[in-house]
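Letters A, B, C, D, E and F name the chains as they come in the text, with residue numbers starting at 1 for each one.
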Amino acid sequence: MGMLSIGVFSSLVGSMDLDFAVRLARAAINKGHTVNLWLSGNATALSKDKQKEFKDYSFPDKTLRELIGKGLTVVSCEACNQSRGIQKEDMTEGINRASMDLYLAKAAQSDRVLHIGVE
Amino acid sequence: MGLKNKIMFVVQRPPYKSEDPKLALTHALSSGVTSIHIDEEVVPTVAFIGDGILNCVRDQKSMEAYGIISNERHIKNMLATDTKTLVCKEDIERLGIKEERLIDASDMGADMTIKVVPFNEILKEMEENDHLMFF
Amino acid sequence: MKLGLFFSDLHGIEDTYDRINSQELGVFLVSNGIYHAVLKENGKPSKILNKKGASFYVLKEDLHTRGFSEGEVDSRVKVISYDDLVDLVMDRYEKLAWI
Amino acid sequence: MGMLSIGVFSSLVGSMDLDFAVRLARAAINKGHTVNLWLSGNATALSKDKQKEFKDYSFPDKTLRELIGKGLTVVSCEACNQSRGIQKEDMTEGINRASMDLYLAKAAQSDRVLHIGVE
Amino acid sequence: MGLKNKIMFVVQRPPYKSEDPKLALTHALSSGVTSIHIDEEVVPTVAFIGDGILNCVRDQKSMEAYGIISNERHIKNMLATDTKTLVCKEDIERLGIKEERLIDASDMGADMTIKVVPFNEILKEMEENDHLMFF
Amino acid sequence: MKLGLFFSDLHGIEDTYDRINSQELGVFLVSNGIYHAVLKENGKPSKILNKKGASFYVLKEDLHTRGFSEGEVDSRVKVISYDDLVDLVMDRYEKLAWI
């Protein structure tokens, strides 16, 4: 079993890149791999708590919470959050906040890195 | 298995339209502090290709115009910290950017300069690095 | 119609642009659209500037942000400020499209 | 003097479209025009309170607040906010929340409409 | 001066990559309720051009695949509410989309169909509308 | 190197792609990249598929989302699930790039 790091920088709604990343993480975890997810740029929107589910909008939030329960590590860029007004207490439980050096360190420890830029 | 700590940052988008190029630079710059997490530092290489080479044009006055630190400033910091920085020759020629228009950081005492190389050399770097991040 | 078109990218919009005609046409080069005013891709000025009868404007702040100056702007393009932009938009072009 | 409606759908950070929209609004207001600003999609991030100013990130928030004091009308898409977990009480004071029919109605009353899609 | 209530929504981006096409559709659909704010309703016209024509391909199974309502569903709602909906002939030909692959809403009892027209006709609509919104 | 390339757009990435060579190359058509597997722009299959020696994959969910089915996929492209994708990524391609 290996370790996969996924970095995502795309928007929460509309791009579907976050849906993709979370689905890929789920498939990898179900096969026994270790997965790290790094959220930066616009993707930090996924770390915000209290997202409302609309059938018209992407809602990877639900699957993400399940995966955190199964061991997925999620880290969200601290400055990206702060610049967007997302405070530490606004974040979904289980999502950590750190700076990019942690992403790079995790990447260096990983067998595979999939870095997804802006949509 | 050892660390896969050679990471290549490939910037393919022009500046000031998406956050990607700036995030590439801030990520690459943070390589120096990864040693607080792992045994060895991450060793970054940065390459500009396609329209991404427009990040390398000097005299970006984003601070005067919009109050925002320029990508130029980050590239200068990168050069001052000795990060290997490549720009694709074919692309600067295609877009007509002369070499003297490229950012340099000699005023900060940097020895490192942006190296103009053919795409093939960037491809070779991709082979030599452990992980790739396209921005 | 009197149409003001906003260009904010270097690539990917030519196809729509080529097909748009208007009795009076103003082309506003903003954001990464400014590259059309200053670059000579493959040695030639942007094809955008070839449209007959159109007026071309480039936003000064966006030009400077990207490292270019007035002296590098193609002679067919007028450098404007935000104030000029407001006047052109409110007085001259009735319909606006950011493509 | 005329009425200008500006709709923006681009990201808060990185695209600079919101910086553009706010600067255009400022120039128009200073010339005596009436300006309406509609924020939808990713641009709803601009309606979030408590954004932290970093010199490295766009920060149109400050100018926006000044313009609201000078009569700029700002309306932010309700569902777009809710899907991103931004509650009514999380929003910057003076920014209203409504659905898109209000944007269209304002557009119909305006002399000029500048609609800025995603970056 | 009267209202400028004829608004044209031009969709130029493909679906499921940016929020733009869906927002174009939801905005156009909300025209019917603008009368709570102004004397007359906004009259929408929707046109798909460039790669935006890919929004009009039928059988979008986004709900089954990702749990998200499809753009097809919104286009059907538009047709069912008699919104004038155009798609650029040159672009569907360029991308090889046959007319029978286009969305229709006859199962919802809609009389309106997506009308395939040359770009020139879309340009004429742009002239006839009061405001333009490109998505 | 053993390189897995992810394509998520229909246009705008060909230039970089054309220049990339790799000893072993896998091309993953995801998101709007799926159009390369099914459309015949100007009557011809995507040039993307002409690269010699490369393996091509298209993600089933993304194909279906956009209204296309297995029967419309070019014969050079293999339809895969998320499970298949994980195996290919973890076992076969050592470096990945989302371009």
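One rule holds in what follows: a residue touches a chain if its C-beta (ideal position, glycine included) is under 8 Å from a C-beta of that chain, and two chains touch if they have at least 3 such contacts.
For clarity, every value in this text was computed on a predicted model and none was experimentally measured.
> Return the chains shared as contacts by chain C and chain F, ordered by label.
Shared contacts of chain C and chain F: B, E.
> Where the centre means the average of the CA atoms, what chain is farthest from chain D?
Following the centroid criterion, the farthest chain would be F.
> Using mean Cα positions as chain centres, tell me which chain lies farthest from chain B.
That would be chain E.
> D-E versus C-D: which has more C-beta pairs touching?
Answer to which pair has more contacts is D-E.
> For chain A and chain B, let me know how many angstrom lie between their CA-based centres, rounded off.
Between these chains, centre-to-centre, one finds 25 Å.
> How many angstrom lie between the CA centroids of chain B and chain C, rounded to a whole number?
Spacing between the chain centres: roughly 29 Å.
> As a quick test, compute the distance in whole Å between the mean CA positions of chain D and chain F.
Roughly 38 Å, centre to centre.
> Just curious, how far off is chain D from chain B if you go by their C-alpha centres, in Å?
Inter-chain centre distance comes to 33 Å.
> Specify, in ascending order, the residues of chain C that touch 2 or more different other chains.
8, 11, 31, 61-62, 65, 96-98
> Where in chain A do residues touch two or more other chains at once?
11, 13-16, 41-42, 56-57, 59, 111, 113, 115, 117-119, in rising order.
> So which stretches of chain E touch two or more other chains?
16-20, 26, 66, 130-132, 134
> By the document's touch rule, what are all the touching chain pairs in this structure?
Touching chain pairs, listed by label, come out as A-B, A-D, A-E, A-F, B-C, B-D, B-F, C-D, C-E, C-F, D-E, E-F.
> Tell me, which parts of chain A touch chain B in their complex?
7, 9, 40-42, 99-111, 113, 115, 117-118
> Which residues of chain E touch chain D in the complex?
Those residues of chain E that touch chain D are 3-5, 7, 13, 18-20, 23, 26-27, 30-31, 33-34, 36-38, 40, 42, 130-135.
> Can you list the residues on chain E that touch chain F in the complex?
14-17, 51, 54, 57-62, 64-66, 70, 72, 94-97, 101
> Note which residues of chain C are touching chain B in the complex, please.
The contact residues of chain C facing chain B are 8-11, 31-32, 35, 39-43, 61-62, 64-69.
> Using the touch definition up top, name the residues of chain F that touch chain C in the complex.
Going by the criterion above, the answer is residues 11-12.
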